[in-house]
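Next come two complexes built around chain A: one with chain B, the other with chain C.
The block that comes next holds the complex of A and B.
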């Protein structure tokens, strides 16, 4: 054994190299292998998830339009005091920008951006740019003032000057029903008839919470049954749980429409049995009720599966022991069985809650007016209004509120107590 | 082993090269439209005859659900794969202002009428509202009702739609402020020509929302065009707004007991726009010149009940290709005097604000 260590006490491996070095080498190899194994997933998550999220969240503060597409006006407005209409140099700069913008055909983007803050500025910018092609010489101030009536309003210039800065919190203000007062530049609440997003956020959380609670109540007995029945029955029951889970989301949602609509299956049955009379059929769809029913059904498997797999691991002997030690069945269930299922309830609840907060297609189809969620507004701003800044701001707010709730959950329940099986 | 690798690499390069040269001759055009019966009518009237005449052109028909989101994403990423897009006029105006679409010199680049009238004079007045847009069809968003809903009584005006006492039942309306505010004012007694003057004032906006509020509890809001005919067919609603082509196919093809209420119909224009950064601009302009000529626009009306956008096509509209119905009475253009054209400029300015107000109003 003498040749296993050198004179200064370094342990050698069988091939004569120091053991420490060859151990590091072997470790490094397995680390690289592990790294290579996760690389595809990491790259996938990076490009399909992290980068898009980062990009969308940047759009919620990005305010490049005026500064980039109207550089001369931006510069000329630097020293404007905002007390009266600007003077000729600003109008000359504006004319230069309008002409350049009309040629590059990008000036419409400025109009779109400014119109978010004050209705009517879109057509002011686009029509003035069109007219600017024919303008030859100054003085430009009277010419511009004649192009569109809004150039004469001080508010217009306040809005333009405010948006010469590269970043804005305007979208976030909009997302919490606030705005800049265009006269004073103060931050104020939106007029009441335009307040919508804070209501929608609150409603989204309330509906998601309700669906989560209903799912717990419905899933608990099913899972208990699944976990305690003999295998040949529980397998059959399991298929009943999984079958809808494997069916397309759209199919399930439209099936609910056929079931719940006022001339639908359920109402027909009610009328047949005389619960309601034919003239007063219940309105069960295209409202909050429809959203809750359809979403609860769709999300139920996400509660049943974690509950079931946790209950499956609880040995039946615990309950028998509690009973034989004198506890009555209710006490035994509440004090012995239930605490052991908390991990499953936690896992299921967090799954269902987070899924329902971002739910989109089901509320869009069955939600009517009071059953739609914040995600439907985000989709609207992505696809229809093209206000991607606002969509980004709403998305970031949603993301951070979910993260905040998750942290609270972690503080109270502890995320380590969550078990998916 | 190494030799094999080199050989196969060479072979792959050769195939790729051959593929490139062959695409240089043949052109693949990606034409994007709304899908369903509408795209089918375009394929029959435009795509197939053109491909027969030009064997080197292959037209791929893609579907989308409207809006400019995809177009803007393609333009911003610099990788524009669409060559031609079927858009509604309002989207063409926005896309043109933002530089997504290419301006078109209508007289130079589009076909003359058979009698030599230049294209700009041949397209119907008021349809050439954007320099990036070539009109194709006139469609309308219009009310239909269940003919069997109120015994012998039949609604005749927009006021009847808002009259829940004489015409009880659910109405299904599109979940957006456009058109609904106009209809509310129309039902409240504002004459057709004055709608936008009234709507432009604060009092007018309040008046429109107040009138809409009178039927709010009787409305089922729709977002997908296929929904309103379905709701009427199921008896869930008695009135519905929808595109006239969809009502036509429900009434004429599926024999549903619906009837049209042309009063207050909103005429709208649908047409082509060419992405500014598209890869086959020359080839696509050639196709578009063909697809928007007099004969082709008249041909399309054989397959779907939308009015051709050229005056010279009007008299050539004949019978439905398979049903044999005379298509003239089903063209929205026949009832043009009962309807109005959306004021796109007004909506471009006020759309954001009105939509927010509308959504807040819905939540109340």
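The block that comes next holds the complex of A and C.
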């Protein structure tokens, strides 16, 4: 219809306005409605999830302490070459900052921050700040050097100078068992006995993988049964699968402690039946075994449900067709049934794996020393050591490794093939 | 075609119960000759699919024995029976291509690669899907999936092929097309086919013989024409094709015929005595709509009753006339739209006549 189109090809509506504009106007109402429906959840997620995550990830690189609390020293150190102890102006600036910090009582934060890089620097800063109140006039260099022996070390000044910058990768180095060599300012590996995080990361991945595999092995047959049983039986069975879901996580974990501890139900039974003698009760808890047993139990429903929902959609006629075509039951199962459940295995695996990688409470309660995961270490730095920068760095590393795995999974299996229910 | 002395399939007093209380199949006997096309026809829940599943080996028979080429197969697992099967929803493996689907039965039989690809190509050509080997089943239309399913059931050259309502999911035109296609495949390959459907026109179109199921027993086993023209009982008469029924009491039996007094006050009529309980018993008279004529004079026909025209529906080639006759106001007469046919008006009183041979006295 030529008269409905302008010379430059814009299609017009009946009232002569461009059709696109009319369409936009007509759609505006429904778009506003959709927006309003989404708003409460979006605001909630923003404040409870996105902003905290952003904040924690910023903390992992944030290095405000020295620059903000020791502004004079920061400025004075700008041109220091790092080859010998600084000169008088730097010490004068330092004295000014120490005095200001002692009055505002903020100087301790600098001490804490510097202590992450080199232990002992906290006491140096705090004691010097305390003593600085009595100092009247310069020259300050000899006074400061007398305040604490660490001031005489070049290393101390290297650390301070390095941390005058607003951002640092120090926490990340720490999180991957590396550090700055304070003498040369190079990045080096931590000494062997202090390399804990990479071991912990590897252990977390290994345990998560093990739990995922065990879950697949345990969940597959039960899901198959659930999917093939008549509804009245499968509903009952489904309740048993879901029952743990409705019980508090803490209750289940403590129940496992009662079950697995050396004077617990399981060991009592083993002793009773003579599998082990009373003196050599099995250590099933506060170690790796305990973590794996309890977490597998807790995460099993997350594997059963996607598997079940996928299996439920596979009509029995596929297996029958395979049999009628001459395949024996095993071949039919492996070649016809199993490939169709891959989407469910993938969905369940990725769910269980991601959940177990970040699992905290169960390993904390039953894990002992060799059964704790990276999340327990993050919690330790959040709650006990209060090194939030390191906690943030570990958290960000965990987040990105999960995202990386997710992308690999997407490449190999395709996320569209995943079915959660 | 039933020239073989020994039937390919034999059901011998087979019974089936799922719950131990109700017999789904009560007493099933059937011989299927080599090369025959036998259809099991019946309403849903009549036991026809159960019989097919027992033959395929997916359901064990509760009692009785099934023979395949003279060998009892009750204890032979399905994958060793060598029976091809087409399922209701085709059951094409969605994760395999069409060619892989067709190759599957050959691979599990350990056939060589070149032989497999040759057979697969031939099977695809047979159902006119030559270039479709690399597609997934989901990329095919319903009719194409259907043809793949048929050729998959045939590709390993089984002597017996079962089909469980294979055309149920197709639309009407495609269904009719596929009926002829399956019939031709059956004729060309000389394969024995046992077919299950609830669609009587499908059964009439394709089969050599039809077993009409109801309530777990075979009501009649006969050729399509016999089923339509000579139903044994009231169920078959009602299930196959359109049927007018009149109820009455048998008053007199003479040779093959009987005199029946109609219940609605229509008087006495003469009918073929097929399946009645003798004099004094209640009977259902079955009469095909196209076998009664309208507007005939009393003396021109063996039976002639007065009827009132209730409704006329113009259908082009014929006019469907619903009349009330002897208290039955659902009596249908087909008036052919031929030159000089009777012109009726609704509410008119007319005469309906039929021959005794076309009116079968059956069980009540």
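Here is the rule we go by: the second predicted complex is superposed on the first by the 397 of 421 C-alpha atoms of A that agree within 3 Å, B and C clash if a C-alpha of one lies under 4 Å from a C-alpha of the other, contacts with A are read in each partner's own complex, and residues count from 1 in each chain.
Throughout what follows, contacts are C-beta pairs under 8 Å (C-beta built on N, C-alpha and C of every residue); 3 or more make two chains touch, one makes a residue touch a chain.
Keep in mind that what you see is a predicted model, and the values were worked out from it rather than measured.
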item	value
Joint occupancy of chain A by chain B and chain C, clash or fit	fit
Touched partner set for A:323, first chain B, second chain C, both or neither	second
Touched partner set for A:99, first chain B, second chain C, both or neither	neither
Contacts of A:131 with chain B and chain C, given as first, second, both or neither	neither
Of chain B and chain C, the chain that contacts the larger number of chain A residues	B
Which of chain B and chain C A:364 touches, first, second, both or neither	first
Touching partner for A:195 - first (chain B), second (chain C), both, neither	first
Arrangement angle, chain B at one end, chain C at the other, chain A at the vertex (C-alpha, nearest 10°)	130
Chain B versus chain C as contact partner of A:331, first or second or both or neither	second
Touching partner for A:315 - first (chain B), second (chain C), both, neither	second
Touched partner set for A:339, first chain B, second chain C, both or neither	second
Overlay on chain A, chain C to chain B nearest C-alpha distance, Å	46
Interface residues, chain B side, partner chain A - complex	67-69, 72, 94, 96-99, 103, 175, 220-221, 223, 234-236, 276, 345, 348-353, 355-357, 359-363
Touching residues on chain A, where the partner in the complex is chain C	315, 317-318, 320-329, 331-332, 335-336, 339-340
List of chain A residues in touch with chain B within their complex	104-109, 111-112, 115-116, 119-123, 126, 192-196, 199-200, 261-263, 286, 364, 368-370, 377, 382-387
Residues of chain C that touch chain A when the two form their complex	56-58, 77-85, 87-89, 91, 93-95, 104-105, 108-109, 152-153, 156, 162
